[in-house]
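Read from first to last, the chains carry the letters A, B and C; within each, the first residue is number 1.
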């Protein structure tokens, strides 16, 4: 019971009035600081949005034209004596027939005045080599058309395609341009006859890689990516979740587990190319696994993704409130039951989110795959995890290096496909988080 | 009060305030009692009037302390020692008020007696009065100092008062039988003696409550009683 | 978990029966205690949290453990169903028996113990599952029901005993986390009694609840006393006074006073207890 009780003396040295003045002087400064800070934040976000928009606009601007392809409508007479001299429709015979000659003949029919060999070669160059395959496929699909005169859309060569899309300008002197004046003249005549069409570029989505840009597609790389990701997921997810559960729920907390934790965190920061070197040394050279295979790629990427998933899984297991465990333990559940009936289901959305982000990271990874030979030029669509394959980002890398003008737009288009996959994966991660997020 | 303080200082202040007010009220009643008894022995109706006038204030104090106690009970939910303090406070205040009332009754008789002839047993009344003043004073003192030993001694000494009352009772009966003229005076004195005896009982009760506050229970065993007095008064 | 006594017993061989005899001491009231603790010490690493606790907890009574924060009352409570096992570096010495059975006996699995000694925690902690599944969880993991109907009956009886049936009968299959705080806590009590424990431990069961929900829980505790032995830790002394028959006062890891609640709250015999319950702690 001190005497001062209730008298309410201010114990600072300043009288009240002064305090008010000092405080109000400071308030303006504090608000100014806050406004400045907000402005910095806005500026940062603005810059980020600007950079992102620039990137997207550039990519989409360059890449969108790759989704169309200039096609030439050719009238081809399928003479039975050329294709199937014996008339028994044997597919072997059908596939070895000289379709190229048919295509060329058809072109010559369009321009009868072209006679010199040089000019003929140029004329033949208007359409892609793919035209031959197209005619052959049409015949193999339906041998009954032999003997008829069919009208077929064949891709034009990449230079003509680029010219039609306006990427090659007619203003440039002829010597500097990849399309000659004569070719332009032919093209105009074809256009007059309404034989040149622009169609959706299915080839881009259904073919493997090719030296000819108009025949190159991303399907091979996409399948390669999917196979690689499957291997990565199958390896990394169970391993990472098991590790996280063990470390969080069972391992004693001592120097050893601390060391392991530090190392896992460090692994997450190791440059990815180092994992590629490891894959090269261990999987290829030591175990003798096939080069360029999604199996090895997946294993390397799994190694790279493991720490990410482990860290995410540990964090979300840690985030499961301890009283859930206590409640279950208090009812007599064993630790196994606690983990698998309570902790893990509750942590799963977080783990899945982490996994998807890890997988997205792996999907975009190139460097380690270069080391194990997934950079090879592969035309065939891989059929299994041991077939040689390449992946989307590597395909982008390869195309960006190619000299042909037409690969520029295809590079951007491939980037767009890759980005859309990443966006879909991240969106799925967000969905999972929102869907299963629990409030305690 | 207790050696250590409550964490909530105002709680301590409230407890102390109640306790102090009770001691103060005890003092008032003691003065009232002293005046009333002296009014009888000195045949002083002024003193008697003073004792009567004091009663209104004592009643006010009772209400005030009751109020404080109930508020404290409601707000602090006292436990253990503090709970006993508050329960005892409620009771003790009631008993103090009753003692005050008896003092008023004694004073009223004193006014009547001042106009009547003196009879010798008045001297015994003075002795009883002194005795009850001591008992009551000690009971209040025991409360003020939370003195269980003093409370026990009050509790034991009440028997002497009872015995004195029993003998006075017989003496007054004798006087009344000797001379019917004494009857009125003697009846007044008999009442005064009875009131004093009751005040002694209340002092004992207060002492019991002091003992309860300090030790957690009332004094053990049967209270020493002058059995003859009981029978005599019935 | 180390058991100093089992080590000693192993050393002198004949030590055991004597001590076992100790564990079944009859209480003053002539009833056999449900829980007997003898000389219980608890260490967290190097720090000793409990010092030589001896306590007999009688059946069908509510025993309240009170004391300032960090006094060891919760630690002691958690010894009774060995929840301290989970805590790293926690070591318990001494002997505790529940219904005559040594709880540190190697032959007794901790899962069994927890089936017999249920627990209700400070924060209502229903699983993020349906009301039904919450109550059914215990019987399920212990295999207490052989059919769906039987399980349903256990769940309904438990909910009824917990006084919750009227409030949740229409939403048995909605999440238990959607109930109010008080209902959640009663759900947790229903969950605990669904496995028919002998003892129910409650660790400040009302500290997160409003007074009305608290009153309902207290009423429930009083009803449960008929069939269970209840040990409750509480910071609310009025609550201890209201619900318990016997009260134990812990201070700095020691059991300072243990006696009838009536006596503890009107006339505690230890100065420290008095200071604590009257609010005089320095």
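Methods note: a contact is a pair of C-beta atoms (placed from the backbone, for glycine too) under 8 Å apart; a residue touches a chain by one contact, two chains touch by 3 or more.
What you see is a predicted model, and the numbers here were worked out from it, not measured in a lab.
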In terms of mean CA position, the chain most removed from chain A is B
Taking the mean of all protein C-alpha atoms as the centre, the chain whose own C-alpha mean lies closest is C
Chain centres from averaged Cα atoms put chain B and chain C apart, in whole Å, by 51
For the pair chain A and chain C, the C-alpha centroid-to-centroid distance in angstrom is 58
Rounded to the nearest Å, the gap between Cα centres of chain A and chain B is 101
Per the touch rule above, chain C residues touching chain B in the complex are 237-238, 241, 264-268, 273-275, 277-282
The chain B residues in contact with chain C across the complex are 2, 4-8, 11, 77-84, 216-217
The chain A residues in contact with chain C across the complex are 252-253, 321, 323-334, 337, 341-342, 346, 438-440
Note: in the complex, chain C contacts chain A through residues 81, 83, 86, 88, 111-115, 118-119, 121, 123, 125-128, 137-138, 141-142, 177, 188, 191-192, 195
